[in-house]
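In the two assemblies presented below, subunit A is common to both, partnered first by subunit B and then by subunit C.
What follows is the complex of A and B.
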């Protein structure tokens, strides 16, 4: 009982502490490294589950770090939306980590394995911190922990990686550093206008500050939006993403696509709804601009994906398109649309996680990932490719699969908001998704493998189980959408829609 | 009006430094120069934060017995900037490490040449 009151901070501390143990363990008792990593993240996931029940039973939890009262001390504030995001991050993160324990043996240079796990844990700790914190500067610190870890994870495969890995990492760092600086400036403007960094306090004081210092508040909002659009790879600021995915090891791409860019989108939602106030954001005209950008992201991301030959790049451009759904849903100003956007965070991380991990399993076996090399893979790796195909169909939005449910809510949202252009965008994008995903399924299941291609069998068990669990998730999470919806509907109503 | 603008010269310097840094990052081909640009941009933000907390004639916020009616500067932005400096140093260190690796692989620091070399088959 006493311990459970500290869960809001322990959920971040567990992976953070384990991250620093990784290199030590690697020197001392090599066999312990991976079990410790998995245990730490399992603990985090269980704590997130426990907090979800606590929040559902007795409302949002406010934790004061070091017993300093807010607004002076750092407050950790876990509400419905935070705990939902924490569950997604730790849950999907745990499955990806289990997958990596086997993947790293063959695909990561031996000397880098300890650092690889340390960085994955740091990334997840940073992301969890970002979703639970109630302090703006604390958010920046966790953002930098997560960002630095993800820059360093791109070239981690060492001599077993691709040739362009350092360049991809440098480009990612270059874009990310600009985004971080913008975020810091935005925090500066917000502090100048209000004199506080606590999110709840900030929201209260911004009401007055909007009258007193309108320029400062607008500047702050502008810098925040540009910074986090860059970080969440919202079109046209997505240029770092395809290269970073193509050169990173598969679990890293899965983490980045499934979790990192989603948490960045969460921050945009948090800024709009909890801090600046959605009515104010809407009155500046920014909201309708972002709606159009998100719609463009949905269409253009899909168009780019159709033109790619490398399967990882297809999935990367598809992520650019899918982040558009989340942002569009959050900015439609309709409760159904918002529900759809939030559901899509969970659904997309399950579906994209399945697909990237399945492609990773093929790379593990054959070392290839061109669309031509996937010919006839369905017969050689039936379970992996079965999960991949289910996730792909789900992404297209075939009912009753998972992707259909969030798209349905988004469609209802566009109708409720009377934005019929966006209804058309979502329907058209499903068609575009079908073009490239059905082409992949056609290659995988209905074409004969080339003569003389490598004969391979199913992926090892440790990698197969996370893929199959996520693949089953792509079927059943949508059917049981009422479970995440208990949290999401409360989150939506508590944020004022 | 002009006096007001000039008296805020620290903010003006921060803005000028910010754009020098951003322009250097975007326009230079040399990776080291890009990193220098990043650092100039970061420094401008530090200057901006410190200016924000400063009070004319303010002292360091250390309370000594009997020191009443003393004006202190706001220590919070300084504490934030200490953290931000650490972050900027780690980003720079990692960027420089990547540059070393890139130089080892391609034998050049020119971003365009690296791209050409990478796209060559084989």
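What follows is the complex of A and C.
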């Protein structure tokens, strides 16, 4: 089919187009709002699947927007890593969107619903754009689309939201704005040093520029790393994250934890491997620094999570810890470690998506989310909490669940890199994960509720089905890890490890 | 709003010229500095001027909320223009390659689709500027 050659751009255009239709539909054909949103994202997901087959069959796709040849025009470049990320973003994003169609009826202020869907679609369009683009400035534009949508999504619940929602959103906004500014400065420096913005061209020219303008290139790298560490909530720049999640509607937290911070971590990987070159990054000493920061993130995120009473905050600090795995895997300089880090992007999206959506379903039914309120919830919402528990066990890393596979690869990676301290960090973190996730499971399934007897009171089907699909994903994606691995192993080898 | 004849008359006299200037910047976006965004911001500013001088209700009468909703979604047209390239068998947003006449450089009607894209962006930015002002102003009123 001739249209399939345009999928690299249409995958971004479909949600973007639908996002602008949302306010119009809401004004004149209200019934069409949600179906259009779901259709657009379904199309995106199918296009991502198709591109995965295209890329596996005939290698990376390069698409020239407006028929301008790179490096002058904007190039969209879909390689193994991009298409893997695009699949994660559109796939998990689609499930979260389906969940939101029902969730929004009760939990979002009526006047904001159209904007809510428009912003979710813009966020996903931005993230998809970031993973498929081959142009550094284009990446910044999509970064801003995604970021601005996320800031606005935090207080979107309006009068049905929490009290501190504007403060949380504002804190997220100025942290994010600093990060965006850093990124823009970094792009400026890179452009000053090389005179190009196309990623492939930049990578070639940076080799010379490193000799000619060593400070400029170093500054560019530094600004990039700080900017995207802030965006991906890498410890100690994670301060915006727990507040934003605690005040945002559940689907928004799920999108942010499952997709946004993962895509930001992807950009760090892309910068290190495809643009600056991992050998150069390693020679600056930055790599070992980031390894230590990631290890600290893993441990301290878990420690914070243990101290929390609000279930959403437990999950938020757990995300801070899990992003450490991704970054640690990407910086270990071992192919197994890198594979583990990349696998963890998918696995954590599935696990954390399940858990946040399940907590959202509990809030939908009861309006509560303190750990004490989860007593006996397993009897009240058996399927939701079943999926939650599977995901929680998977997070701890119990075989054969999903979390085990990525942690296994990461452990192999630390052994291969002979960084035994990090082996210890990963094992210790699994124990810490067990402390807070098993405590949750204990509350959910083995404690009696305060009210005495409970009736089964499940979440609505539209919300339950995405939760259950993701929960089953936490079992089967781990058991069939060879399917994502076909893409990941090619991505790892194409990035030179 | 106070009844100030000098302010009202000046605003009424200036508005057409401000809007004309905005349109000029939009239409010459492919030839001179400026473009859809800058021109749209100028037109948006003229609407804000009217609302400040004549009051929010009068401004609402000139350009209703429905109209700005439509104009803000004009980005759809941008995407549709992008599809012309795909329909012509080349890439998204292609212009010259899609067989659209490029004209003589320097003429108003030149540069393929860029003029049309600038007009779309101009509408979008003008109505967004107006909506931003109204949202803030109405929030202030309570």
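Observations
Going forward, the second predicted complex is superposed on the first by the 492 of 497 C-alpha atoms of A that agree within 3 Å, B and C clash if a C-alpha of one lies under 4 Å from a C-alpha of the other, contacts with A are read in each partner's own complex, and residues count from 1 in each chain.
Here, a contact is a pair of C-beta atoms (placed from the backbone, for glycine too) under 8 Å apart; a residue touches a chain by one contact, two chains touch by 3 or more.
What you see is a predicted model, and the numbers here were worked out from it, not measured in a lab.
In the overlay built on the shared chain, the residue A:164 is in contact with subunit B alone; subunit C does not reach it. When subunit A is checked against subunit B and against subunit C, the one touching more of its residues turns out to be B.
With both structures placed on the common chain, the touch criterion links A:416 to neither subunit B nor subunit C. By the touch criterion stated above, A:9 is placed in contact with subunit C alone, subunit B being left untouched.
In the superposition on chain A, A:178 contacts subunit B only, with no contact to subunit C.
In the overlay built on the shared chain, the residue A:23 is in contact with subunit C alone; subunit B does not reach it.
Legend: residue contacts after superposition of the two complexes on their common chain; A:152 is shown touching subunit B, with no touch to subunit C. By the touch criterion stated above, subunit A contacts subunit C in their complex at residues 2-3, 6, 9-10, 13, 16-17, 20-21, 23-24, 27, 63-67.
For subunit C in complex with subunit A, the residues that touch the partner chain are 66, 69-70, 72-73, 75-76, 79, 82, 85-86, 89-98.
Only residues 18, 22, 25, 31, 34, 38, 41-42, 45, 48-49, 52, 76-77, 80, 83-84, 87, 90-91, 94-95, 98-99, 101-102, 105, 114-115, 118 of subunit B touch subunit A when the two sit together in their complex. Those residues of subunit A that touch subunit B in the shared complex are 137, 140-141, 144, 148, 151-152, 155, 163-164, 166-167, 169-170, 173-174, 177-178, 180-181, 184-185, 187-188, 191-192, 197.
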